[in-house]
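Paired with subunit B in one complex and with subunit C in the other, subunit A is shared by the two complexes that follow.
Moving on, here comes the complex of A and B:
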C-alpha cells in the first residue's frame, strides 16, 4: 500500500479547506483574489505533474483500487487545467455570487478532488464514492444563486435525477458484486475470462447495464439527457462550464474503465447498443438545439450532441477510438470554456441569456467576438481548429472498424449528418454577433487583464490542438494503451 | 421455512421497484426523495444478503460507504428542497416549470 500516490488529491482537498478558512480573515472586497490564489496553487501542481516531481508517480494503492496509470495521469492533468480555467470564469463571475464567493471556489476544488479520484479509480466502490463526491458538490454548485428561481429549480432537477441515477448505479454494483464477488475492475475482467458463461448471465448483465445507466447520466447520453438543458440554463455560468467539461470527462474516464478494463467481453457483446446510443445522442442533441434561443440552453443541447460524438470513439471498441475520445475531450475543454467565458463576461448585466444579447458584440469588444466565433466554429468542427481534428480522429476510428460490423458505416454517416445540422445553429450565433439588425447596446466592454490572459490561453489551445496535434495525441495514445492491459 | 438468498433478493427487487414507481408516480418532491432513499436501501439489502451468503465482507464495507454518501445526499437535498419551498411556496413537481424551450 502506497498512500503517497494520493498526494495530488490530498493537496487539492487541503487547498479547498484552506480557502474556506481564509474566508474568515480576507475582507469582502478582496475575496475575488482568493480565486487567483487557488489558480496559482493549482497551476503549481500542474507544473509539478509535468516535471516528474512525485505527485504523479505510476503505481497502485489501497489493494489496487486506486491506480495511477497513464490514463489516470492524462485525466488528472486535464481536470487540473479545467479547474484552473473554470476558476478564472468564477473570478469574473464573482460579483453575482453575493458574499459566499469563497465557498463557491472551495466547492469547485472539492468537485475537482472527486474528479481526480474518478480518474484513478479501479474499483466499483471507488467509482461510486468519487462519482458521488462530484455529483453532491454539483448539487450545491448548480443551485448556488439561491435568490434566483431558475438556479434553485435546476438544482432540484439535478438532485432528483442525479440521485435516481446513483440509485441505479449502486444497485448495478450490488448485482455485479453478488454474481462475481469482485469489485476491482482488473480482477473482474480476469474472473470474466475464467468463466465465460457469466457473460450470458441475466443478473450480471443487468448489473452492468445499470452501472452504464448511471454513467450515461453523467455524460448526458440519450436517453438520460433530460436534465442537461434545464440544468445548463439555470446554473451559474462557471458551474455550467465545469459541468460541461469536468463532469462529462469524469463520466467518460469511468465509462472507458468499466467497459474496457472491467467488462471487455460485455462491451464487445453490446456493440449494437453502443452504436445506436451514440447515433441517437448525436441526432437528438443537434436537432433539439435548432430552435433554442437561450445561449446556455443551446450549449446544453450542443453538449448532448458532443457526448454522442465522444461515444463514437467508445463504440469503435479500438485503442484508436479511445485515444480519439481523449483527444476530443482536450479540444472540447478549451473550446467550451472559451464560449462560457464569453457568456460570463458579456452577459453580466442581462437577466436572461438570450442569443440576441450578443448583438453588436463585434463593436463592443472585437476580441470577445472573435473568441466566440472561433469557439463556435471549433464546436461545429471546421478545420483547422481543435474540434475538427478531434471529430476527424473519431470518425477515422469508427470507419476503420467497418469490416467488423456494418453498423459503423451508418454511424459515421449519422455523425456527419449531425455535424451538418449543427452548422446551422452555431452559425446562427455568429450571425447575431456580426450581422444583427436589432439595435444593440454598444457600450464597449472592458476586459480585466486576467480575463484577457484566460481568453488568449483558450484561443492558443484551440489552434494548437488543431494545428499541432502530435504532442497531445501521443499522450492520448499512451493513456489509451493503459486500458487494454 | 428456510430463508435463502433468493428471498432476500426478491425483497430487494421489490423495494427497488417500489422506489422507482414512487419516483415516477408521485408528485411531491419530498415523497420522491423518500422513494429514492428506498432504492438506495434496496441496494444495501442486496449487498448485505450477497455478503452473508457468499461469505465475503467487501459488500458490507461498501454498504457503510453507501450509508455515508446517502446521508450527505439527504443533507444537501433537503436543504435544496426547503430553499425551493421558501421561494415557491410549493414542493410539487408541476411547479418546476420556469425553464422551457
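Moving on, here comes the complex of A and C:
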C-alpha cells in the first residue's frame, strides 16, 4: 500500500469539498472569486508537480492498479492545466449560471479528480470507476442551466447514451474477467502472452470490443459520436470546453493503456478496424461541420474530426504515434480552450450562438478577434501554430508504418482530405469576424484582466507548441515509452 | 549569424513590431514596412555580390538544432540555385511594399501580412532543411489567402478566395505527404537536405519508393506552380488579388514549387525523374499552348496577364524535364526573370486599375498619352513577356530551348511556336488596345506616376530585367556548377559542360 501516491487526487477532492463548504459563508456577489481561489490552488499543485515535490512520485499503489508512470504524470499535468483554464472560462461565464455557482466550480474539480484517477488507472475496475466519476459529474455539468430547455435536452441525451455506453463497458469488463480472471492491465498482457490462443477467443475479443465501445463514446469516435453535437450545443460553454478537452483526453489515456498495455496482441490484430474507424471519424466530423451555423455545434463536429486525427496516432501502433497523440492533445488544449473562451465572452448576451453573432468582432475587440482567428487557424493545422506540428507528427507516424499495411497511405490521404474540407468552415468563421457586411452590434467588449491573462496564456501556448516543440515532445516521448513496458 | 537569417528575419521582426504600432500612425506603418523590405533587398544584393560561383558546398551557412529527436534543424545556406532567387524575392518584396500605397483600408493588417509573406518565402528559399522548407512556405502562403479575401477586388472575390485557398492547400498537403515519405524512405533520419543527399549517394532510394514519391512531389508542387491542368486557380486569383499580393505570389511564392522540384526531387529521386520527364514535358505543352491560347481570348488585362504568367511556367517545366545542365540552368534563369516580370506587370495593371477602376480592355485605350511612364513600362514588360532579346526572359527561354532540343525536339518546336507566336499575338494586341488608339473622354483626368518615389518600383524591376537580360552571365555562372552537381545524381548520361556554358551565353 502506497496511498501517498494519491496525494494529488486527494488534494483536488479536498479542494472541491472546501469550495462547497465555502459556499455557506461567501456572499453571492463574491462567488466569482471562489473560482480564482481554486485556480490559485490548482496552479500551486501544478507548480509543485514540476518541482519534484512529492505529489507526482513515480510508483504504483493498490496492488498495482494505480500507477504513476511518465504517461500518468504527463496527463495529470495536462488535466490540471485544462481545469485551471476551464475555471477561468467558468468565472467569466458565472453571471449566466444564475445560482449555485460554487457547486459548478466544485463539480469541475470532482470531474478533474476522475480524470486524474483515469490517468493513473492500470486496472479495469479502476478504469470503470474513474470513467463513471467523470461521466456522472458531467451529467450534472451538462444540464446545469436548469432554466434552459437546450441544456436539459443535452443533459438527458448525454445521460441516456452515457449510461448505455457504461453498460456496454461493464459487460465487456465482465467478459474479459470471465475469460482470463485478470483485471490488471499488465497481468492481462502477461496472461495473453502465455496463452496466445486467447487472442482468437470470440468471447474475450467481444469483451475487449465492448470496452472499446465505451471508450469510443468518451472520445466521440464514429459510430459513437451521435451525442457530441447536441451536447456541445446545449451544455453551458465551460462544460462544453471541459468535455472537448478533459473528457476526450481521459478517453484517450485509457484507450492507449487498454490497447497498448493490456491487449497489445489484439491491437495489432485489429489494425484494419482502427484505420477504418479513424478515417471515417475524420470524414464524418469534417463533412458534417460544413453546413453548421451554430458555433458550438460546429466545434462539436470539429471535435469529432479531431478525435479522428488523434486516432491516426493510435492506429499507427507505434511509440511515435502515441507520442504524436499526446503532443496533439497538448496543442488542442490551448487551441480549443481559447476558442471556447472567446465564445463564452462574446456571446454572453446572445441566445442562439449563431456564427453571424461574431460579425464585426474585430471592431469590438481586436484581441478576441485575433484569438479566435489563431485558434481556427491552429485547428485547421497551419504553421506556425500548435495544430500544424501535431498534425505533422501524426501524419509522419502513419506514413512511417506504410511498409506494414497498405491501408496507412489511404489513411494519410483521408486525413489530408479532412484537412482540406475543414479549411472551408474554419475560414468561414474567420471570414465572418473580419469581413462581414453589416455588423449588427459594434459595442466594444470590455475584457476583465483575468480574461486577458487567460487569453494571453492560450495564445502563448499555441505559439510555443508550434515554434518550440522540443520540450513537450520530449515529455510525450517519455510518456509514450512508459506504455510499452 | 548568417546574412540569410537577417534577410528572412527582418521582415518577420518588423511584422511583430507593426502589431504594436497604433493603426492611425499611417506614415510610420508604411515607413516600417518599406524599410523592412529595403534592408533585405540591400543585404541580398550584397550577398549576391559576395557569392563565389562554383565553390564547394553551401555559402553563408548557419545551422541551429530545433527538434533533435526528429533531426529537424534551422539550416540556411545558398548555392547557385537559390542565390538568384533570394535576390529576386527580396527586390520584388521591396517593390511590392512600395506599391502598397493603393491599400487604403486596414493598412496595419495588410503590412503585417505582407511582411510575414516576405519573411516566410525568403526563408523558405534559403532553407536547407525539409521541414523548414515546407513550414516557411506555408507561413507565407496563408497570408495570401487572407489578403485576397479582405483586400481583393471585384465581384468574384469570395469565390476566388475559396478557390485559391483550397487548391493551394491541396497542393501543399500532397507535397507534405511526399516530403514526409521522402524523409522516411531515405532512412537518413534527418530533415537536413544536404545530409539526406549525402546519405542517398551511398544508399539510393528503392525504385518503387521513388516512383511513388515523385508524382506526389510533382503534382503537389505542380499545383502550387499552376502546372496544366491544375492551373485554373491562378488567373482568377491574380485577377482578384490586390496588386502587392499578386506581385509577391506570382513573382516569388509560386517559384517555391519549381525550386522544390529542382532542389529535392531531382537529386533524390533520379530514376523516377527520368521516367516522369516525358510526362512533365507533355504537361508543359498544356501550359504553353492551351493556356497561351486562353490568354489570347481574354478581355480583362489582369486575366490576360495571369494566363500569360501560367503559360510561362511551361517553359520552366520544360527546362526541368530536359534533365540536363543547360535546361535546368535555363529553368532557374526563367524563374528569376519571370519573378521580376510578373511583379512588374501586376504592379502596372494595378496602377491602371487604381486610376480607371476597370481593366476591361475594351474600355481602355490611348492610355499612353495620359500615362507616358506607366505606358512605356507596360510596353517594355509586354516585350519582355514575348521574349524579346535584351530582357532576362529571352536569355532564360533560349537556354531552355537549347537544353530541351536534345531530348524533346518536337515539344521544343511547339514551345518555340507558343513563345514567339502566341505570346506575341496576345501581348501586342493588348498593347495596341490599352495604350494606343483614341483616348476615351472619361480618361482625360488620369495621372501618371507622379514622382520618383512612385516610379521607383517599376524602374527597379525593369532595371533588373534589363541587367540580367544583357548580362545573364551574372546568373548562369552561378547556377551552372550547382545545376551540374544536382544533375550528376539525376541523370546517368552526363552532358559535356562546355555546351552548357555556350548555350547559356546565347
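Some notes on this structure:
We adopt the following convention: the second predicted complex is superposed on the first by the 483 of 485 C-alpha atoms of A that agree within 3 Å, B and C clash if a C-alpha of one lies under 4 Å from a C-alpha of the other, contacts with A are read in each partner's own complex, and residues count from 1 in each chain.
What we mean here is this: a residue touches a chain if its C-beta (ideal position, glycine included) is under 8 Å from a C-beta of that chain, and two chains touch if they have at least 3 such contacts.
Note that the structure is predicted; figures quoted are calculated from it, not measured.
Room for both subunit B and subunit C is found when the two structures are superposed via subunit A, with no clash between them. After overlaying the two complexes on the shared chain, residue contacts for A:171 are found with subunit B alone; subunit C is out of touch. By the document's definition of touching, neither partner reaches A:445: not subunit B, not subunit C.
In the superposed model, A:280 lies in contact with neither subunit B nor subunit C. In the superposed three-chain arrangement, the CA centre of subunit A forms the vertex of an angle with the CA centres of subunit B and subunit C, and that angle is 140 degrees when rounded to a multiple of 10. Of the two partner chains placed around the shared chain by superposition, neither subunit B nor subunit C is touched by A:18. Once the two complexes are overlaid on the shared chain, A:160 sits against subunit B while remaining clear of subunit C. In the superposed model, A:399 makes contact with subunit C only, not with subunit B. Figure legend note: subunit B and subunit C, brought together by superposition on chain A, show a least Cα distance of 23 Å. Subunit A uses no single residue to touch subunit B in one structure and subunit C in the other. Within the complex formed with subunit B, the residues of subunit A that make contact are 124-125, 128-129, 132, 136, 139-140, 143, 146, 149-150, 152-157, 159-160, 163-164, 166-168, 170-171, 173-175, 177-178, 181, 183, 229-230, 233-234, 291-293, 297. Per the touch definition, subunit C reaches subunit A in the complex via residues 66-70, 131, 135-136, 138-139, 142, 145-146, 149-150, 162, 165-166, 169-170, 173-174, 176-177, 180-181, 183-184. The touching residues of subunit B, counted against subunit A in their complex, run 9, 12, 16, 19, 23, 29, 32-33, 36, 39-40, 42-43, 46-47, 49-50, 54, 56, 58-59, 61-62, 65-66, 69, 72-73, 76-77, 80-81, 83-84, 87-88, 96, 98-99, 101. Within the complex formed with subunit C, the subunit A residues making contact are 377, 382-384, 388, 392, 395-396, 399-400, 402, 412-413, 416, 419-420, 423-424, 427, 430-431, 434-435, 469-470, 473-474, 477.
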